[in-house]
Amino acid sequence: MLVRDLTDGQELDQVLLVRGVEVRAKRDGGHFMKLALGDRTGQLTAMIWDGVEQVRDLCQAGRPVHVRGRYEVHPRWGAQLALRALREPAQGSFALEDLLDGPPRPAETMEEDLRDLIATVQDPHLRALLDRVLGPHSKTWERYRRAPAAKLYHQAYVHGLLEHSLTVAQGVALMAGTFPGIDRDVAVTGALLHDIGKLEAYTTDPVAIDLTDAGRLQGEIPLGYYRIRRTIEELPGFPRDVAQAVLHVILSHHGSLEHGSPVVPCTREAWLVHMVDNLGGKLGSFDRLEKELPPGATWTGFDRGIGANAYFGPISDESARRAA
Amino acid sequence: MLVRDLTDGQELDQVLLVRGVEVRAKRDGGHFMKLALGDRTGQLTAMIWDGVEQVRDLCQAGRPVHVRGRYEVHPRWGAQLALRALREPAQGSFALEDLLDGPPRPAETMEEDLRDLIATVQDPHLRALLDRVLGPHSKTWERYRRAPAAKLYHQAYVHGLLEHSLTVAQGVALMAGTFPGIDRDVAVTGALLHDIGKLEAYTTDPVAIDLTDAGRLQGEIPLGYYRIRRTIEELPGFPRDVAQAVLHVILSHHGSLEHGSPVVPCTREAWLVHMVDNLGGKLGSFDRLEKELPPGATWTGFDRGIGANAYFGPISDESARRAA
Amino acid sequence: MLVRDLTDGQELDQVLLVRGVEVRAKRDGGHFMKLALGDRTGQLTAMIWDGVEQVRDLCQAGRPVHVRGRYEVHPRWGAQLALRALREPAQGSFALEDLLDGPPRPAETMEEDLRDLIATVQDPHLRALLDRVLGPHSKTWERYRRAPAAKLYHQAYVHGLLEHSLTVAQGVALMAGTFPGIDRDVAVTGALLHDIGKLEAYTTDPVAIDLTDAGRLQGEIPLGYYRIRRTIEELPGFPRDVAQAVLHVILSHHGSLEHGSPVVPCTREAWLVHMVDNLGGKLGSFDRLEKELPPGATWTGFDRGIGANAYFGPISDESARRAA
Amino acid sequence: MLVRDLTDGQELDQVLLVRGVEVRAKRDGGHFMKLALGDRTGQLTAMIWDGVEQVRDLCQAGRPVHVRGRYEVHPRWGAQLALRALREPAQGSFALEDLLDGPPRPAETMEEDLRDLIATVQDPHLRALLDRVLGPHSKTWERYRRAPAAKLYHQAYVHGLLEHSLTVAQGVALMAGTFPGIDRDVAVTGALLHDIGKLEAYTTDPVAIDLTDAGRLQGEIPLGYYRIRRTIEELPGFPRDVAQAVLHVILSHHGSLEHGSPVVPCTREAWLVHMVDNLGGKLGSFDRLEKELPPGATWTGFDRGIGANAYFGPISDESARRAA
Amino acid sequence: MLVRDLTDGQELDQVLLVRGVEVRAKRDGGHFMKLALGDRTGQLTAMIWDGVEQVRDLCQAGRPVHVRGRYEVHPRWGAQLALRALREPAQGSFALEDLLDGPPRPAETMEEDLRDLIATVQDPHLRALLDRVLGPHSKTWERYRRAPAAKLYHQAYVHGLLEHSLTVAQGVALMAGTFPGIDRDVAVTGALLHDIGKLEAYTTDPVAIDLTDAGRLQGEIPLGYYRIRRTIEELPGFPRDVAQAVLHVILSHHGSLEHGSPVVPCTREAWLVHMVDNLGGKLGSFDRLEKELPPGATWTGFDRGIGANAYFGPISDESARRAA
Amino acid sequence: MLVRDLTDGQELDQVLLVRGVEVRAKRDGGHFMKLALGDRTGQLTAMIWDGVEQVRDLCQAGRPVHVRGRYEVHPRWGAQLALRALREPAQGSFALEDLLDGPPRPAETMEEDLRDLIATVQDPHLRALLDRVLGPHSKTWERYRRAPAAKLYHQAYVHGLLEHSLTVAQGVALMAGTFPGIDRDVAVTGALLHDIGKLEAYTTDPVAIDLTDAGRLQGEIPLGYYRIRRTIEELPGFPRDVAQAVLHVILSHHGSLEHGSPVVPCTREAWLVHMVDNLGGKLGSFDRLEKELPPGATWTGFDRGIGANAYFGPISDESARRAA
């Protein structure tokens, strides 16, 4: 059963991931432990009042544990697990991907949407480029499919890059029909490839995403620029102007020098991809913050990802009804 | 005939608007005059080598003149009018709106699109608010329909506010379907009303758009916030949360304090409207810059609206073909 | 006896407020507790070496406790209370307002000064506005009288708004006589009302001052602007120019966009109120820092309120004598 | 007759200072000249349509000219002088100080006020310091009395430093009575001496105020710090703490590193002087802008001194009456 | 004879480059012309009082002219040429490189120094890289040798890139011996190649240096990074760590994101090259400003290259003697 | 034996300095202690699992302890001391200067280098100034020799100021030969004296370096400026221009107002000293970070001194060999 689907009073007997551990002194001299447990859909709290020493080795951040107990929603303290037992999970009793945070849609669905979107690109050179980089049998596809989108802030999980790139490219495709003067093929291709440098810039360990040496010393934007320019130079007859248009989108997609782009956007396509990428990052941060929000809370703390406190208050009964 | 549709060698006999005048000394002691002439679709240059004094009164920036001559595209100097005659236009021989820069679509079409979009808002309170402010018989509608969107940079012309608000709201509606968790009604309403303060913040003179005293002393955002909060308080039973959600969109739509919003965006809807508004402003600047670009040029000078030089270079034959 | 008035060696038997609690492990495995205790005039430290568990529930930040012991000024560690007993305070044995930090002058005195200052405003419309908002029988007066001026930094206590607004208005009135060209009535009215938005922007719980939803989503400046503009519109014949002059003071009083004003000061009155408000905030921060300063210390840590470390070193014997 | 006192239709026959000259080509091939003429109280415009070449040498910015003509206030173009004659002024026919911009009060009055204010300083060491630097027979007094306060922005005229320092010190003295905890003697002394470095940092040519080499290479703040520290070290028994308190006011009076203070204000006295100095500078800019404002205008252009456009619109009849 | 070597009273009969032209109206209705003429070592002024129209075509900025006249140093107006004749230069009568601003040392000398410095690099892979890119027979060498270092500010002339890179690399080599822990080979190689992207980023027209499309759309840093990474990948067995160390120097050499580096310096070598490059740029700006300084002047106007006014005042007789 | 020279498996029996102490609860209710121990060449970790209470008084940051045990390099945890005994050091059993962090070279060597460098200054006035301030028998020499260069970041140890000033001056001397137009004597003198204000701005306690009251209230730059200007005024016949050139170097050496210089560099000498000082500070930060780096680590955390994470990864075998 997924954490998101638990209801007050429900019995649990399953594996969850330890996300945080705190040990504190009790009045009587002993210790108690506060655990944050979760799966890819949500998080709850469990307190261990006795026998903390026995489970200390087991309860380390990033490890799965098998728990039994009762799920209770406390009016003031939020979702809690009244724990009765905690043990090492039996082998094969869980799938790591169910426990790690992940995208709301399965990777297969996202891949289908990606293939559909690529099929709308009509310029033969850009299609060839996309096939070379994202084609199902290309060397990079499998890494692109699994890579996270970030270390923090948004889509910091397996398939995060695919989810983020696809959503941005879909948004870009829609906007290219609303605003005049945009070369849709260049914009969609740029959107699909804008973060390709993350393949080299991030490690692929799903539990502990981090920057690689190359990511820190060369930067994700130059790494992506190099990969795509190099690939383009291997494609015969690729028009120089089209190449430059796509490379400019990749190089400028952070929008300004102080955010790490070595050039600022000078074309409509570059502005469009930058803006929808930025929007996708902000909304992805709201998704992350909403998952972490204790039940009943409406405000998060200050979040660097959105530069503000996020508000998840009620909007209205009508709105709530429509959202349901 | 519109300037955009002129071809090399064509004869002109029509009214254009003087957009710029320069008088310089000639070698022989006399003067010559360089005129920038245009209509709402483009601009060309005309030189007057003799008799400058006779036409000096006529040729003032912002005045219409009747010109006769031949349109020529010079390989180096761009589009020029080889002028044969220039005189005061006959009364009724032109429509000022054809000469002033304006939106690419007629206001009627935009109004239809606006009505269609409003019809998709399902929350009854928000619908009531939109009817009260933008309904065809409301006091504000006629001003909203004619107001410019800005003094400079983008959509600085009659109907500019309608064009800008509509495009932003359409983009917001599309994005609300792409990204999860967004209250579409709040976002679309906020998008349609985000710049409503410009009704009081700008003068309505189509030739010389400027800020009013209220625009400078109170600011367009507080003016819009006051108008909408005041209107909402007159609507019976308007839910407090919905009201606050829309007002927050208006107040925060510049995205940061240093750009004049007294609060930063704290909700998905506020981020969405801010981002699409920002994108709409940037792409509107590209539209303006493209109109002013001399034929053959690919780069503009540095433009404060986009914070960069804009590039309108060729992308490829394929692209050009598709764009045609 | 007030903390400010204690002298070395004095016996204490009274109620103080717990402002901070720290529990640490002792070498022998047990714990000791370090308490920060205070009233509205100052603060001292008390150590509990034994029986920490018994008093743990009692000793929580924000709760009053009855203490007995001896006040000692340690040459190195500052003011300490050598505690002999600590218990729950008897009902009625203390007034919460004596314990909470508060203004140095009683609210009644400040109200008198306020009434005197309002009486010097000669413009009948501004007088009517002040009566409507701050008149003794107005709906807002009681809240204005009790509201805090801030959550942190300065005058973060009951009556703080009254104290801050009055001092700023008095300073503004003095300066209006020193510098030429200032409309004293507009400036004094603007000074008295500049922070009126805080009535809605802050909760009124004296122990835990915080921002309201409206404070975060709409901002204290728009809230104040709305209230005053709305009130003015209900006053018959209020001159438009006077209204705009006062509203401009309220909107611009943070002095710059990046500090949350949607417009920058464009008039002498607006600059004057901004500057004296700013000065009042800085000096209020010094007052707060001085209360928290351990005896004998001359430097505080870096303080965000003044953007520096504050120095309270000796100036000279003469100065000290004069200050006494 | 002073420019401030001229009324529509009045005949002029007197010396004014040329403040600006523009020569432009006429339609007939000749030139016309537009002069900005003024005295210390205001400014007007005069056009010369014929014989420009004859007066070109005479009409140079910074030179006095004798003019005859009629003063007319044009509804659209503002104050104009309909010029009938213009010639070199007879020797002795004018006082340069009447023509140069200057303070509204005579220097003698300001000196009296300064002596009165110094007399209120009770600390004997600070009094000794003020006597040494500003005493009527001190070496520096005469320069302090005549120096300008700035090159641009505010009080950029003879006696400007005296006017500015005195007003700031008077404001500081008033505020020291309103806000608690301020050492009035230190604050007033610091206010009187805060800009003393300008004696070396500016040239004393009343027509063309400029920075000296020392002003540019060493900076006005270090120059003033050096002078006062050096003077203090010559005064026997000057307490080290008092010295440091005054030097800190001088060093930190620009308020932040980026405005050129090598240290930020850490004491109440330093904040007070910084704030009132800042306020005095802003209001001084309003004075300058108001003098330059064409009759009938309400807005100035963007002014770097106040970081905004200044507004001099009407406030109300009542206000106007009171101001009269 | 070079401009730098002219002395008061000397006769000139040679070709100079027109650097600036101003035409102004004379009192009698005619015009006069003010020319700025120069060669690669300095600049002088010449006035043409009569016959301006005859020479107008000849005197255009960027064109060489043959002048005859007398060189005079005016006490107030600086170096002037009292012109007697001016004509089109005879073919072959001058070398363009003598007229254009250029480095103080001949390119041959700089090439020798470069070869000497490369010879001190001991790492065989870095030597191979330098040979491939800067070897006398490499494809890039000739362009590197002739390219300018910038469009404005410093070394904006033929051979400027060579001069700048060499000086920076020499400085880096010296510093690598002063400070511990620096890999001299990586630092020197990085210094020689840090600006290699300018080969594609700038046009090579010696008279009108400008950015190319690639320079604007891709940026000089990514262009250089691509070229060197691509070259390294063609060199067999090039160690990955060494490659990354050099690429990091190139990518981070602007020192911060806001100056266009996509990554900030993380290694000693990167900091060293950034700092010496920065120093070289500042001192190169002083060289440029000193050439343009009118004789007798000590201060330049505000210069964006150094972020200040530059001072070239006397230091002392001793200093002057030593400098001679 | 110095920490830098320890090898895996080596026995230790010597005094080290306690640099950090952490006490944490064990599972069984007791505590363990983690010590950071070091000398001037490096640092290691030691764990105390039992008897923590007995050594708690002894183990305080900043105190020397005598330890016995075995040095082990753990593949994952880095350098550890397997501790067998820990006691109070016998009197005279260690030299504090061996334990405190310090410069890599002995002070005597640095003094010799300083004397050599001073001997190259040829201007007699600057030589006299250097003798007066840094001469072996001057009052300031002994303090200059022992003072630290900073509180944090770089050379925060005894002799740090000497080390930093000497290295900067040596670098400046080298660069003065590479770049044209620099007055070497002014630059070297400025470099040797640029941080002289630190004599008064920092306390001299080698264990706890901190700012003095004068350092905070007056700032190190004005303090240094005062000292040198005062000294110069006592030297007969010191040329005004030379004085100003050196004072400008001192005042502007932080490079910009926001870094605390009251004036920005306007001369080549000032830019040179600023840049080499800045470089010296950055490289000094690398030295500090490298000493603290656990064995095997390649990246530090984000460091404010260099504004980045520092990388100490391998460069290549060749490089390593050369470095050995």
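Chains here go by letter, A, B, C, D, E and F, matching the order in which they are written, and residues are numbered from 1 within each.
To be clear about the criterion, contacts are C-beta pairs under 8 Å (C-beta built on N, C-alpha and C of every residue); 3 or more make two chains touch, one makes a residue touch a chain.
The structure presented is a predicted model; accordingly, all values stated were derived computationally and were not measured.
Taken together, subunit A and subunit C share the touching chains B, F.
Subunit B and subunit D touch with mostly distinct residues; of the residue numbers seen at this interface, under half occur in both copies. When each chain is reduced to the average of its Cα atoms, E sits farthest from subunit C. Annotation: 48 Å between the Cα-based centres of subunit A and subunit E.
Rounded to a whole number, the gap between the C-alpha centres of subunit C and subunit D is 37 angstrom.
In whole angstrom, the spacing between the mean C-alpha positions of subunit B and subunit E is 44. Shown for subunit B are the residues in touch with two or more other chains, namely 25, 29, 213, 216-217, 248, 266, 309, 311, 313.
Inter-chain contacts, as defined above, occur between A-B, A-C, A-E, A-F, B-C, B-D, B-E, C-D, C-F, D-E, D-F, E-F.
Considering their complex, residues 213-214, 216-219, 221-222, 225-226, 229-230, 244, 247-248, 251, 257-263, 266 of subunit C touch subunit B.
Taken together, the subunit E residues at the contact with subunit F in this complex read 104, 122-125, 167, 170-171, 174-175, 178-183, 185-186, 239, 241-242, 245, 248, 256, 264-268, 271-272, 275-276, 278-280, 282-283, 286-287, 290, 306-311, 313-319, 322-323. Listed in rising order, the residues of subunit C touching subunit F in the complex are 25, 27-29, 298-299, 309, 311, 313.
Note for the complex: subunit B touches subunit D at residues 23, 25, 29-31, 52-53, 56, 213, 216-217.
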